[in-house]
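Each of the two complexes below includes chain A, the first together with chain B, the second together with chain C.
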Partner chain A sequence: MDDIAHSLAMIVGEAYFSNQPEEAYFYARDPGLMPPHKPDYVVVPKSVEEIQEIARLASREKIPLVPMGAGLALTGLTIPLKGGIVMDMKRMNRILKVNEKARHVIVEGGTSQGLLKAYLEKNYPRLRHSMPDSPATATIAANVMIHGQGRLTQQYGFNSDMISGLEVVLASGEVCKIGSCSMSPDWFSKGAPMPDLTGLFLGWFGATGIITKVAVKLYPKKKMRDVEIFITDREDLVPDMVYELTHTEMVEDINIFAQPKPMIFKDNHHIAIFITGDTDEELEFKRKMTWYSLDRFIKSKDGGFMGVPPVMKPTLLEMPQRSVSRFADVKKGGGFEYSGPIIMVEKYPECAHKIVELAEKYDLGYSGMARIIGRSHAMMYGFAFTFNRADPDMMDRTRKALHEVSEFALEAGGVFWKATVDEQKMAMEKMDPNTLGIMKMIKENLDPNGIMNPGNWEVI
Partner chain B sequence: MKYADIVHRCFRCGYCKFTSDYTDFNCPTYRKFRFETYSPGGRMWLIRAWLNGEIKNSDRFQEILFSCATCANCVEHCVFTFSEDLVNIFISAREEMVNDGIIPPPVRDYLKNININGNPYKEPASERGKWAEGTLVETYKDQEYLFYIGCVGSYDERGKKIARAVGNLLVKAGLSIGILGDKENCDGNEVRTLGEAGLFQFLAEKNIALFRDLGVKKIITLDPHAFNTFKKDYPALDGEFEVYHYTQILAPLIQSGKIPLKGLNDKITYHDPCYLGRHNGEYNAPRKILKAIPGIELVEMDRSRENAFCCGGGGGNFFTDILGGGEDSPSRIRVREALDTGAGIIAVACPQCAKMLDDAVKIEQLDDRLKVMDVAEIVTNCLL
Partner chain C sequence: MYELKFDENLCKTCPTGDCLVKCQYLDVEKKTAVEEMVKIGQGEDSFVLQDCVTCYACEEYCKRGNHPFYLITERREEKGILTSPRAITKQWINIGEPQGKYRLGDVKERVLSFGFMPEFLQWVKGKLFEDVMPSYIFGQEFFCNVVYIHFANTSIIKERLPKVVDNFRKLGVKEVIFVHDECYGAFAHLAPAYGIEVPFKSVHYFEYLYNRLKELKDFIKPLNIRAAYQRPCSSRLSSDQHHFVADIMELIGVDLIERKYQGENALCCGGIYAMAFGYDLAHDVQKRNIDDMVEHGAQYCIFNCPACQSSIGAEVAKRGIKPIHLIHLCKMAIGEM
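Up next, the complex of A and B:
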């Protein structure tokens, strides 16, 4: 064992250290389409102190350090582009503290979405967090790191807007508290009314620090939840429909999906409208308000509510929606990847056209999936293509289609979400130079040796 | 390799690692080792890499594959249509490794001992039926049921006690049962899961021939592992028998009052054995028995039934101990979970689980707070 291997094994314990070909193979890749690159070491730490020691070692020896949650971002963000250490965070998965009345929870940096959901259901049935539809093993810290979106995003914004504090280990090994917790025992604000420093870390893909704790805001969990689906074949009217729906302020979440299969779905846009209530009256009132809000589109025969079949309801209502993952096996090939630019809702028609155009051009299975962010403030439009992992040609076609999505998104005024390395470069080329300058200052100061998830957000 | 056309279909989404409500990671190897490589998805990706020549059959690869407890949590929770085949895929990969002769030494020793001695304990066949001495259980002649014990119940001290308890109860209930004694052979379930398909076929065919010669029609097994292979694998080799786990026979007898019982003032939690529960869907029979005992408070662990956490003994690990050891060994996690329910007794219905959990209770130094008892032992204590 070399010296670095020995030191890492001493820090985390031999059982949680590996420089074996099996881990090197697995952690070199994610489920998406980016080319693999092997790590030299994989560690699975248990404590903040261990992470501090690993960061100090990595800084001293100038070895790359790549934090990983579940590796489900799909865009290659946990692939160690320059080798070094991959740090699997999922052993740090304790739920540390719930403040019921202040509605927040503090969790460790590798805690999964699924674990928090189960914990709240058991111990705090009146509280919930904004659950994304990523598989349940995806981690909360990584999700806010990449500015994910969840069930409450239409109401409260990106999941990263719903945090109330961070603890971060810097490249130097120092531990840094961000938000009210920096001067108070209570984690109720991520910044305000002081300078909000979370921006030094969030969106950086671990290139400026490692989140070891995150406080997530919790929200009232109503006793009942239901879903309605409004169908239209007028994609040009979808932005107006969303505008009306968001005006009601009655809706939990709005997702829009369009896909070619089954046949009855083809050429239609399905607006899934989720509503919640503590009583039948509350639920029915909200249901009626959503109906009224779309009334004019029904009258003009531009759409209508479909009776959601009883078999479909549980699929739509479950959190996370497992059916989203199943999309990976449509071609019996275990793969899908999506590019999900954050873009104005008014661009919905263009996005909807583009995905069909690309699917036809590259002969791919597709699903267009949009989630509304805020009260129509923006949306994530997911250009999802499914591919067969055993078919290199199909994988290549999917890569090409996704590249075209990136170009389209930028052209249409969108911003890349969980940007691939290539997209990061495209973004930085287009970005205001002064903005880029600030990013450079931040990166150089927080990571002077360039060891933190190198290759990502490298400002040249 | 069989299933080679499926392995690329794993998405690495990780649903297979969890319980259905995400309470905890529920793949015992992932829970212990914590590298993704030891999860079901990790195994799928590594098997594919191995078949493609991207990694070699190393000591670690063997540990990764042979630590799988074949507990079928992944089968239960994988969201894809190939989920049914996950354990079969892992067993097929083991078969390839066995065929190549590159397997972990404890696996090799286990298979060798079965081949030479017909049991993993290197004991003579003449010792097999000794557990029954002093009981009313007779040798099989033409009784209605063959009572099949298996290696653990026949040779392991803990297993033997359970065999005696079950045997006595069945006789007491008036059932016509007989055992094979020194004629009994290994059922082969673990041989099969460890990937020695040839030896398994040999054992199964030998057993089937013996059962047929003796005119056996109905079998009651002590061990869920034997229950599983008799029910699921023997029919393909022309071995069709009516197979029951002993709890399935006892449950109606106890519920109907045919075995009268006195009350017991205990709080009990029941641990579902994977080969009775997830593999064969029998969750109720043992619970019905426990619930029929007056005074017993049956409490469930957070993970039970389809979501039960494996004791770590399945897939041959009971004998090879590749998955055991350390604070996060599945059996130790499981007894801590049982303790959290406030129960004083963990009820089991499998001699392998009994021994695994018994050892874990001792290592965790919980002897004074937690007792591991087979359902049959609990019933025996309540006999009037």
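Up next, the complex of A and C:
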């Protein structure tokens, strides 16, 4: 064992360190399309102190350090592009404190979405957080790191807008508190009314620091939840429909999907509208308001509420919705990737055309799916393709299709979400140079040795 | 192309205009009713073509052998008058498209047809059906497609139904017991109205159950319950079979409550109305219907159509009435549930 390996093993304990080919193979890749690259070391720390020590070591030795949650971002963000240490955060999975009345929870940097959901259901049945539809092992810290979106995003914005404090270990090994927790025992605000420093870390993919704690806002969990699906064959009207729906302020989440299979979904765009209530009356009132809001489209025959078959409801109401993961394996090769630009809702028709055009051009299975962010302030439009990992030609076609999506998204005024390294480069080329200048200052100051998730957000 | 047999001369001499006078959704008196039907027969415009909500009932109200509802549907289609939003219509047409995923049991000359309703694969079990099971068929290939009259789309019926008939013909079946009455209506009445030849005898599952229960009479323990019956739209296409509901209830000791919305006055479950017309019509109809069941002291609501059950079953249950399909009720009576 070399000196570094020995030091790392000492820090985390032999059982939580590896430089063996099996682990290197596994940690070299994610379920997406990016080519693998092996790490030299894998560590699975248990405490903030261990993470500090690892960061100090990595800085001293100038070894890349790549934090990893569940590795499910799909766009290669946890692939150690320049080798070094992959730091798997999964043992940092404690739920530290729930403040019920102030509706927030403080969790460690590797706590999974599923764990928090189960914990709240058991101990705080009137509270919930904004669950994304990624598999339940996905971590909360990573999800806010990449500005994920979840079930409450239509109401409260990106999941990262719903945090109320961070604790971060810098490349230097220093621990830094961000938000009210920097001067108060209470984690109720991520910045306001002070300068909001979360932007130094969020969206940086771990290239400026490692989140060791995050406080996430919790929201009222109503006793009942239901879903309605409004369908239309006029993609050009979808933005107006969403506008009307969001105007009601009655809706929990709005997802839109269009896909050619199964037959029940062919030819139409489906706006899945989720509603919640504590009583039958509350639920029915909200249902009525959402139906009324779309009445003019029913009258003009441009859309209608489909009867959601009883077998379909539980699938739709699941959190996370496992059907998304099932779609990931329709080609039976376990390959799935989506490019999900954040873009104006008015671009829905263009996105919907584009995905069909690309699926036809590259002969791929597809699903177009959008999640509305805020009251129609933007949407994540997912251009999702499935592929068989055992079929290199299909993988290549998927890669090409996704590249075209990136070009299209930028052209259409969109911004990449969980951008691949290539997309990061495209974004930085297009970005206002002064903005890029600020990014450069931040990166150089927080990571002077360029060891934090190198390859990502490398501002030249 | 198959043509509907409709004789507007019958309307010209019609003493009642019942097809529209009795309509629960339009307010029409006899003179207007007859005039409008004649106009529609002659291909002219009529407010009826705009306002009909597709409850099917006029097929039953007309006692003179005409087919007012089929005609309204044909004319709507010719004139491009949509009943439902296009997306809904497309969705339903896509669902019914044969996929090669049909299922066949051990098919004999006498066979049960589940149409395209997967529930029946689970429900049709036990003594009631052992007489004919496992001779069954299921899938889009055997789906009657009649539901498309709700969507004013007879051309898809005329296109698909002969192929479906052919699929039955290829199996060499002589007698088909339809577990969904829309299918029975399709093969027993709609197909002949369009001149489509059907090479087997159609039996409604009501009749089958009635006869079977008589054979199993020693097993029957009267249920002694009060029940309302939710009559589906499709039952209007086979009104000759409707009496079996009362007959079966008598056999199994169910008190079928007298209520406002029964028999000819039955109200639709509202499922199609919600999709086609939005919240208000569907909810008004559902509320009146369920209020009526409650007011008349129903303990159970008996469903004939699984689609009705999924439309209002939950709402019925919330009002303290137990929703149950007729098949399950019969099973209950012979101690199988």
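The rule we apply is simple: the second predicted complex is superposed on the first by the 460 of 460 C-alpha atoms of A that agree within 3 Å, B and C clash if a C-alpha of one lies under 4 Å from a C-alpha of the other, contacts with A are read in each partner's own complex, and residues count from 1 in each chain.
Note that a contact is a pair of C-beta atoms (placed from the backbone, for glycine too) under 8 Å apart; a residue touches a chain by one contact, two chains touch by 3 or more.
These numbers were taken from a predicted model, which means no experiment stands behind them.
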Comparing chain B and chain C in the superposed model, the one touching more of chain A is B
> Between chain B (first) and chain C (second), which does A:375 come into contact with in this model arrangement: first, second, both, or neither?
Replying inline: neither
- Task: For A:82, select first, second, both or neither according to whether it touches chain B, chain C, the two together, or no partner.
- Result: neither
Taking the superposition as given, does A:307 touch the first partner, chain B, the second, chain C, both, or neither? second
Quiz item: What is the contact status of A:94 with respect to chain B (first) and chain C (second): first, second, both, or neither?
Solution: neither
Item to check | First, second, both or neither for A:126, with chain B first and chain C second | outcome: neither
The chain C residues in contact with chain A across the complex are 82, 84-88, 90-91, 94-95, 97, 99, 271, 274-279, 283, 307, 310-311, 318
Touching chain B in the complex, chain A uses residues 15-16, 18, 20-23, 25-27, 29-31, 42, 44, 70-72, 88, 90-91, 112-115, 117-118, 121-122, 135-137, 322, 325-326, 328-329, 332-336, 388-390
Within the complex, chain A is touched by chain B residues 8-15, 17-19, 21-24, 33-37, 42, 45-46, 49, 54-56, 58, 60-61, 64, 79-82, 326
Chain C partner, complex, touching residues on chain A are 231-233, 263-264, 266-269, 280, 287-288, 291-292, 295, 297-299, 301-307, 309-310
